[in-house]
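The data blocks that follow each hold one structure.
Two complexes, one shared chain (subunit A), two partners (subunit B, subunit C).
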Partner chain A sequence: MANIKNIKLADILKVRKSRTFLRLLPGLTFLIPLVLIALFVPYFPLQDPMKVNTVIRHQPPSFEHFFGTDVIGMDVFSRVMYATRIDFLISILCVLIAVSIGAPLGAVAGYFGGILETITSRFIEIFQSFPIMLFAMIIRIVLGPSVICLAVAIGICISPFYAKLVRSIVKPLRDTDYIQAAKVTGQTSLQIIFRHLIPNALPAIVSQFTLSAAVSIRIVAGLSFLGLGVPTPTPEWGSMIQTGAGWVIFGMWWPSVFPGLALFFTIWGLSQISQELESMYTL
Partner chain B sequence: MGIFLLKRLGTLLLALFVISLISFVAVRSVGTPVYLMVGQDFTSEMVKSINARLGLDQPIYVQYARYLRGILNGDLGVSRFTYNPVIFDIAQRLPATIELTTTALIFMIFSCLLAGVIAALKEDKPIDKAILFESKVGVSVVEFWLGLILIYFFCYRCHLFPSPMGRLSFLAPIPKHVTGLYTIDSLIAGDTKTFLMAVHHLILPAFTLAFTIGPGTTLVTRATLRNILKTDYMRTACAFGLPRRLLYKYMLRNAAPPILTVLALAFGYFISGAVLVEVVFAWPGIGRYAVDALQNSDYEPIIGIILLVSVVYIVIYFLVDIICANIDPRYRL
Partner chain C sequence: MLDLIKIRDLHVKVDHFEDTFYILRGVNLSVSMNSSLGIVGESGSGKTTICLSVMGLLPKGAKITKGKILFQGKDLSCYSDKQMETVRGKKISMIFQDARAALNPVLTVGDQISDIYCHYTGNSHSLGMKKAVEVLDAMGFPNARSRVKSYPHELSGGMCQRVLIAMALVSTPKLVIADEITSGIDVTIQSQVIELVKSVSDELSAGLVFVSHDIGVIIEACSDIAVVYSGIVFEQGNISTVLEKPLSPYTKVLLKCFEIGHSDRMSFIPGNTPDLKLVKLGCPFAPRCEYVMDICKVEVPKMKLYEPGHVVACHKYI
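Up next is the complex of A and B:
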């Protein structure tokens, strides 16, 4: 048994690079505080994020309201903090849905080959050739206004990427000895796919998680800015930017700028980590 | 080349068919105007007659065939809040979006493409790291937020750029309609004042679009050129002492397919990102038309616009594929 003191982060993540934690640190400095905020924000001593008080509307940042108040008097600071939960939740859901749709599709296409593979890859190419934002808009219009439908819509938009990735990994594995042996010993195709093929694709999939999370947060913010995202009273960065947008030319910059800063730091942290993870998982 | 062309044409037609199916499903799923037309006191015979008149009681494939025929004739439905046919509204607003996306494309080619080339040529020097940092910032910034910040600084604080009220100032004369693009029309009419005003209004939105969508191009250009500079044939060419311009020619010809592909992708992102930027800058283009339709719960214009934009995007992608296959024979496999 390995000594517990010698287990490093590289072993847990199953990569073979040195100084793993130090390489991930630049991205994690942004991401860890945000994750902590998302998890523990109900316990912080913040103002009520949904409390409407039109007497104190349009107040600039002050000691009482750190980020000011918006057009109907809601405190921007607490809304930005609470919006962290919704955005992280939606992006995690989107990535999970995208992987669970895309990875089996790609594995099936890569393993069975022939006409199934041709049809599936044509569909993947077609779905990838739409502009993502418009595709998400149309699926969201068809599905309806709830949060789950939003996550499903964005998950469907991101899944072709995972399907293509898994297919490109699974296809060369079809002719290896151990897969042939598994077929000969009578394992069903389903068992082969889920027990042998997809675990081979897992490192690549995991290395793309954070990038897909960043993409899905951008799409969620964009859809909420258009009004197609999370229903209104729930704080969410994109819809907060939208409610503050009309007031910027009158000089009230704080309802829009601070949610955008939060978005910036989240996407920055996620894309930093994704760059490092990609360089760690590729040979 | 011929077989490749046929295969890509087949994929193109399949893609158009799939988009038309998706938009047909979307149009049917948001509902039919039957109960609006019938009114409050209705009988089932009235509903049946209206269904028959609209063709809604026929089997689904007949309805789809009628929808397809309507689209090919240009009938994308009627907008419920402007009371115009959707195609008329789109034709009115399309030049604005074309002006914005073309200017953003020009900005992007002259800044991000050039930056990618410089970053690849001067590998690992400070300028490379600076360009990489700027690309990371561009990827993390959201376009509507950047637009709002630019408006705040340059309009409200510094008064350098005009406030976001559209393509020209409030009471400015609109140049005579030749192409619909205010910049070109005012040049044709010889009116430099209007031309300068149109350009003045264009700069901020185009810069926002180019800054947020350009980094993709920069990174792909940089990666492609870096890979090419490390290849054997480039090393041999340098060792032979070939003149600079021949080296650049070899580099460009090999780098062209990925760069063209990513430019086509960027154009697609422009069209979808232009929706958000048009809303922020009150630009009267098709993106803002879609958002206005959304806020009036009118789904026909949105689906029409999505159909149109997807078709344009797929056709552009197809043309870029043909050009890439022409340039690089290895692409035809």
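Up next is the complex of A and C:
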């Protein structure tokens, strides 16, 4: 009992601080190389990921082709590397679209309250009751086949999450003194929402970035696997898994397994980091 | 003298679930240009409600049921929210009680001042920051140039209060309402803050409404005083006249409480403040008043001019 009393709050905080980096380490060890690959892949001495060479099709992993070659003789290693780029790019786009739709919506609902909030919240709940994959598919089919449309479709699907998050933060702030003070100085509701309320919600929003990035990469890969994502010749993990999938039973595992592993480590790293960030934010 | 703001027979009631509270039961006040009015009263007497109804920021459930708020001849009580936005800040501005809570924790103080300045003048942000430095410098803010970049939590309570005053006055309002601004800060800084508010509002030639439960603060800050009790203004007049010759029985006993007596015990007013839930017929002070008459129990006293610049609401003087 005496020992417990002797521990000061400062000590606890110090320990927590020193462990911050350690807690993020497992996620970062996978994520940092992946981000570096995504950024600098064109400068690597890699084979052209889109070069078809039917002479060398179905080659197992070797020193010449680290991950082997696929059904039409494209180098799997180079394709896995290049796919990092497009998958990260789409996921960042998705998150940005989701935030820019969701955050203002949630802030407006939380700030004005009343019937507006009820309508928005029920609408969001209807939205969320659909399976996210199915919903993304529908929007993607309606919007058309391009990378931007794919990002918009997934962004719309993730946005209710941000709307709810921002609403829950804004709602108790609505009656604080500084919002009243901002009203007193004659600032309009729009100014109050964008200048005062959303900046207050930013820490929570940012801590959710990684999680929704993971979710959106998963959906991109999923949609591509179903043939609704990135058009086929472009290197993308989901579509690579799909093209290789039919050949796995014939013992040719490499065209599917390597992109699958890349996908797994990306999503795992992102969710690991988001989990740690979230617990740090709440503590 | 011309009245800047004139409140006539203002009634405010609050519906809270099943109950109805009658917060203001006929407030009459007036503030003339260049003068400062101190509103004094006990907790729950409706001081803050008067301020909020002038700003049009009454909380949900509260409603003005009767009366007028005439600001420069226009009735604010029937203004829409959109119309009020043009009045707030530009014409009437308010300084809040808890300075730290009234500043946004995620924006720097310079940003918050310059936001308001830019909103009214349409100037750029960098010019607004310059103005913020200038204003804070004029308020005796030490090291203003570097301090504009600090966040509210990095400043002391007195400094936050100064920032808040700067925010309220940077838009050059015609009327400044200071709601208990001295209650949260140290006594040594209190008089500095009061002096500051006074001098800046003098410079702008703005009217000042100073709300406090501390008569000492009001004596220091104001030229006029209004005594509020249970949603009714009992007395309003020049501060020296009221202090020398209090007319209303409530003012008399209230002043007695502030006197440093010869006995060891502090004097107090016997009885309790009235229940705001009940619709009382007569004067709300009647149950505690020593001069109570029969008429006090049935009729609310009306405001009456006793002498120039001194009005009183009491049946004794009718």
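We adopt the following convention: the second predicted complex is superposed on the first by the 263 of 283 C-alpha atoms of A that agree within 3 Å, B and C clash if a C-alpha of one lies under 4 Å from a C-alpha of the other, contacts with A are read in each partner's own complex, and residues count from 1 in each chain.
Everything that follows uses one rule, which is that a residue touches a chain if its C-beta (ideal position, glycine included) is under 8 Å from a C-beta of that chain, and two chains touch if they have at least 3 such contacts.
These figures come from a predicted structure and were not determined experimentally.
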Clash or fit (per the criteria above) of subunit B with subunit C on subunit A: fit
First (subunit B), second (subunit C), both or neither touched by A:Q187: second
Touched partner set for A:T176, first subunit B, second subunit C, both or neither: second
Subunit B versus subunit C as contact partner of A:R122, first or second or both or neither: first
Subunit B versus subunit C as contact partner of A:D48, first or second or both or neither: neither
Partner chain in contact with A:H196 - subunit B first, subunit C second, else both or neither: second
More subunit A residues in contact [subunit B versus subunit C]: B
Subunit B versus subunit C - smallest C-alpha distance in the overlay, whole Å: 17
Subunit A contact footprint on subunit B (complex, rising order): 11, 14-15, 18-19, 22-23, 25-26, 29-30, 136-137, 139-142, 144-146, 148-149, 151-152, 155-156, 163-164, 268-269, 271-273, 275-276, 279-280, 290-291, 294-295, 299, 302-303, 306, 309-310, 313-314, 317
Touching residues (chain side subunit C, partner subunit A) in the complex: 55, 57, 59, 85-90, 93-94, 96-98, 101-107, 115-116, 119-120, 164, 167-168, 171
Residues of subunit A touching subunit C in the complex: 175-178, 180-188, 191, 195-196, 199-200, 202
Touch list for subunit A against partner subunit B, complex: 122-123, 125-126, 129-134, 137-138, 141-142, 214, 218, 221-222, 225-228, 238, 241-242, 244-245, 248-251, 253, 256-257, 259-260, 263-265, 267-268, 271-272
